[in-house]
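There are two complexes below, and they share subunit A, which is joined by subunit B in the first and by subunit C in the second.
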Partner chain A sequence: MYDINLKNVTKGFGNLQAVNDITFTIPKSSVTVLLGPSGCGKTTLMRMIAGLETPTSGSIFFDDIDVTRVPTKRRNLGMVFQYPVIYRGTSVKRNLELPLLSEKLSAGEISKRVNDVADLLGISGDLNKMVEELDNGTRQKIAVGRAIARQPQIILFDEPITNIDITAKLELKRSLKEVFSRLSQTIVYVTHDQTEAMTLADQIALMQDGVITQCAPPKEIYEKPKSQFAGWFLGNPGINFIEKEHISVAGSGINSSLFSQTIDAGSHASQVKVLGVRAEAIEVKTTQSPEARSARVVRKSLGIGGQYLLDLEYGSLKVKARVAHQLGREIGDQVWTTITSSDVIMFNEAGVAI
Partner chain B sequence: MSEKVEKFESKIKSTSTARANKRMSWLLLAPVLIFFAMMNILPTIWMLGLSFYNYTLTSANGATYAGLSNYFDFVKNEQLSQSVSRTFLFLIIAIICQTFLGILIGVLFWKNDKMPGKRLALTLLFTPMVVTPIATALFWKLILDPTFGVMNYFLTSLGLSKVDFLTSSSLAFPTLIVVDTWMWTPFMALMTLAALGSVPKAELEAASVDKLPIYRQVTTVIWPHAKFILMLGILLRSIDAFKTMDLTYIMTNGGPGDRTELIALSLYRFAFKSFKLGYASAVSVFLLFIAIALTAIYLHVLNARKKAEAQA
Partner chain C sequence: MSTTTVMKPSRRKGPISFLTILGWFTAILFFLPIAWIISTALKPKNTVLDIPPKFVFMPTFQNLVDAVSFSNTLQYFVHSAIYSFTSVFLAIFVAFLASYSFSRFKPAGTDFLMFLLLSTRFVPAAAFVIPFFQLFNVLKLKDSFLGLIIFYTMFSIPFSVWILKGFMDGVSTKFDETGMVYGASRWHIMFKVVLPQVRSGLVAAFVFNIIFVWNEFLFNFQLGGLKTYGIPVGLFTSITKGGQVDWSFVASIGTLYVMPLALVIFFFQKYLLVGLTFGTVRGEV
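Coming up: the complex of A and B.
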């Protein structure tokens, strides 16, 4: 399998710089998710890896082979598109066979691969159906099947779940998870959906304005965002930001109306401009204790999974806290909160984590 | 009680508004419907009736009922049957050439998406299609003129002998096909471009990722999408080519002999040279049936496309 090495890759469309000088390695035999909001350049980056777009400047290597100008057909990769692509007027079986026909495989091998892939994706019963008869979810499974049946070195997924209806979406996501666990290929998956990214990725490459701002395993990127953007984009709700007017720096310590204790920032204290705290890191209690801070509930939102969100007010500072359903507090009630120092993330003026 | 009355009154009101709306829509449609009836339906019925009569404008006798004799005459008339088969031959050869060249040009433009000056080239390419056929016929007649034409000037400059394209019995018919092809190939190129434009980009990209060879790309990706628009193009051209008259009338006037006499020109002669209106009407009815048959196929293709789209 190949590593994908991007060296100073840039792509512009007229005045728009879609991908801006990216140097990055996508490790072999892993699932890397390119995650970011619409227009951040993730699809353009994937299309350049596929050879469907040519970089304005920079190079793309599969291991140490320069493929920047190599046409798609010769890159030995599979790709699943956002729009479920099927070859019309043919059966599911024929759809899965078509990419294998140019691989010069024996009829037995083709048939084996088609059956294996159909088993893996749970579409064995549909093999003889015409593709037009199937719903979008199954069509997308066929597209996934086509991409993996050829056993290419690299498989690319361009938001494959986006255009699928909600029930088929879950089923398809489950199938993909299963498929990814079995494959040893280098997989690149583009999405704007953080849940998909968190579920499927070995590592998430977070993109913003044409650059990769952070690349780390899902847990790490969630717990230790390297930028305010990463903290805001990942998580629902995004991280709480405590702006500089609500914090005070004294030597190496940082205080805020949110904390009862002083947070030690060491030698970086003077650089700290914003603090970040996840909603679930705020422990909310209904009884007073010496180490807790008092807050008032100003909004209560319905949550899922036995939890809901509270908007808490500490004087002029407002934050969101995720609490268990049993807490039973209502708007206007008083609560007491504590936060562990290690759960506080510090950002400098440029929004970069310290 | 008063509530009931109010309800009843509002019902009457809404019914009368609906009636007024309906009347208004008929009123607005009336000019078009009257025009359509006067210019299309009545003449067609008139023609149908006339086809059962012997009626010659230059004859002192009025119209006499002739039953199906005009139709029998038409079937028996060898010259006319030749004219019909010549028209079909013209239609088939011209459309094959136009479709082939149109697809070729369309694909070239489609493939070379970033060709500099593409827009200008496309505009120039489509010029023949927008010129009035009469004008096209006239300037081709001048180009091909044995004495003054530029074509013969070039031929003689190359040391070749002069060719009389339009009066040569072997060349007149092919020349007519060439000029028709010159005029209508851009239309088929346009239809090809539209047809290729209807193929989803993702499917083409998937085919190239899946390493499908070009013939498989054509059969499994391009053709299923492009076939409808291409077939519509061919059908529209067929309906139009069947009625070709302006080219032959100006360029050859059916000659030499009857070598380029197409059915529309024959019809014109019967109606407006010999003034045999009854007979000409019978021929027109025949042409009408062919046009209806072609239109039926056209509608069938349109419906098939709608069905396929609904399935997708």
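Coming up: the complex of A and C.
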């Protein structure tokens, strides 16, 4: 399998710089998710890897082979698009085997591959159905199956779940997770959906304004965002930001009305402008303790899985805290909170984590 | 006291509504001329001009047999078929390539180019007659199938491109890209992936154009000759055979002339409807 090496890759459309000087390696035999908001350049970057767009400057290598000008059809790829690309008026089986027909494979081999991918995706029972009979989720599975059946070196997924309805979406996500764990190909997956990224990725490459701002495994990128953008974009809700008017610096220590202890920032203390705390890092109690800070519940909403999201007010500072169960506190009630120092992330003026 | 608003129940539809009857009536009204021609073709010669007209009669195929066996009739049909089908097939092939290119590569000024393409149809046909006559004389294309085929192909291309581009735009470019990813050439994608999906458009373009070319009289008359006259011109020149109008002959040729088109339209009408939804309705040249 191939590493995908991007060297100073830039792509502009008129005045718009969609991808801006990206140098990056997508490691072989792993799932790399390009994650970012709409318009951040993730799809353009993927299309350049596929050869469907040509970089304005820079080069793309599969291992050490320069493929920048190699046409798509010679790149040995599989690709799944946002909308299920299926050939109407034909059966599921036919849809899966079509790209294999030009591969000079024996009929037995084609049949084996089609059956294998159908098994893998759980669509063996649908092989003889016409594609019109199937829902969008299953149609997308066909597109995935077609990409896998060719056994290419690299498989690209361009937001394959985005346009699938919610029930089929969960099923398809589960299938993809299963498929990814069995494949040894280099997989690049584009999405704007962080839960998809967190579920499927070996590493997430977070993109903003045409550049990759951070690349790390899901847990790491969530717990240790390198920028305010990463902290805000990942997590639901995004990270709480405590702006400079709510913090004070004394020597190497940082104080805030949010926590009772002083946080040691070492020699970087003077650079700290914003603090970040995840909603679940705020421990909420109903009883007072010496190390806890007092806050008032100003809003309460029930989240998924019985979790509650509380908007807490510490004087003029407001943050969101996630609690795992019903605390018996309502809007207007007082609660006490503590935060572990190691859960506090410090950012400088430019929004970069220190 | 509370008031309750009761929605008026919609009028129950009978098995055949008034509108259905009106629709049938209108359709039949439009079909009457054709029915008249066909019934005239099947009437015995001596009853054709009877007043009041005879609606009940013993049909005869003698008129049709006479019409077909009359000197050049069959030849006219063959001529019509040669230049109509060849030029329309050619036009659709060229239009398919052109519309794919307009739809996928979007060359600079696509909209303007599309407008230019159709602009040949803005000018009344009569304005072209003399220039084309002279041109064909100089190029020695007069009274040749090559000349007629070139002419009708040229006139059929713009409208076909317009219809097909609409269909082509409806096929996601992701089909092309998927094809490319799987190693297909551009030709393969065009003919094996996109073409099957614009089949309705191809048929619609074919039907619209064949109606035009099959019925075209003026240019066939001006640019053609004895070797290439089609049925419309043949009908016109034979109309007064024997010094007076032979209505049985006219009706017989008319019936035979309408048949191929009627069959084409009958079998492909669902494609025609799809074609019409693009709002592209053509007038005469």
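One rule holds for everything that comes next: the second predicted complex is superposed on the first by the 354 of 354 C-alpha atoms of A that agree within 3 Å, B and C clash if a C-alpha of one lies under 4 Å from a C-alpha of the other, contacts with A are read in each partner's own complex, and residues count from 1 in each chain.
Simple rule for what comes next: a residue touches a chain if its C-beta (ideal position, glycine included) is under 8 Å from a C-beta of that chain, and two chains touch if they have at least 3 such contacts.
Quick caveat, the model's predicted, so the values are computed rather than measured.
Trainee: For the overlay on subunit A, clash or fit between subunit B and subunit C?
Mentor: Verdict on subunit A: clash between subunit B and subunit C.
Trainee: Considering only touches as defined above, state whether A:Glu132 meets subunit B (first), subunit C (second), both or neither.
Mentor: In the superposition, A:Glu132 contacts subunit B only.
Trainee: If you stack the two complexes on chain A, which partner ends up touching A:Gly332: first (subunit B), second (subunit C), both, or neither?
Mentor: neither
Trainee: Which partner does A:Thr72 reach: the first (subunit B), the second (subunit C), both, or neither?
Mentor: Once the two structures are laid over each other on A, A:Thr72 reaches both partners.
Trainee: Under the stated touch criterion, which partner chain does A:Arg150 make contact with: subunit B (first), subunit C (second), both, or neither?
Mentor: Both partners, subunit B and subunit C.
Trainee: If you stack the two complexes on chain A, which partner ends up touching A:Gly14: first (subunit B), second (subunit C), both, or neither?
Mentor: In the superposed model, A:Gly14 contacts neither subunit B nor subunit C.
Trainee: In the overlay, answer first, second, both or neither for which of subunit B and subunit C A:Gly108 touches.
Mentor: neither
Trainee: Touching A:Gly89, do we find subunit B (first), subunit C (second), both, or neither?
Mentor: Both: A:Gly89 reaches subunit B and subunit C.
Trainee: In the superposed model, where does subunit B crash into subunit C, at 9-17, 63-71 or 153-161?
Mentor: In the superposed model, subunit B runs into subunit C at 63-71.
Trainee: Can you pull the subunit A residues that subunit B and subunit C both touch?
Mentor: 50, 52, 71-73, 77-79, 81-83, 85, 87-89, 98-99, 102-103, 143, 146-147, 150.
Trainee: Please output the residues of subunit A touching subunit B within their complex, sorted ascending.
Mentor: Going by the criterion above, the answer is residues 50, 52, 71-73, 77-79, 81-83, 85, 87-90, 98-99, 101-103, 132, 143, 146-147, 150.
Trainee: Mind pulling up the subunit C residues that touch subunit A in the complex?
Mentor: Per the stated touch rule, the residues are 172, 174-175, 177-178, 180-185, 193, 196-197.
Trainee: Given the complex with subunit C, which residues does subunit A contribute to the contact?
Mentor: My answer: residues 50-52, 71-75, 77-79, 81-83, 85, 87-89, 98-99, 102-103, 143, 146-147, 150, 156.
Trainee: Within the complex, which stretch of subunit B touches subunit A?
Mentor: So the residues of subunit B touching subunit A come out as 200, 202-203, 205-213, 216, 220-221, 224-225, 311-312.
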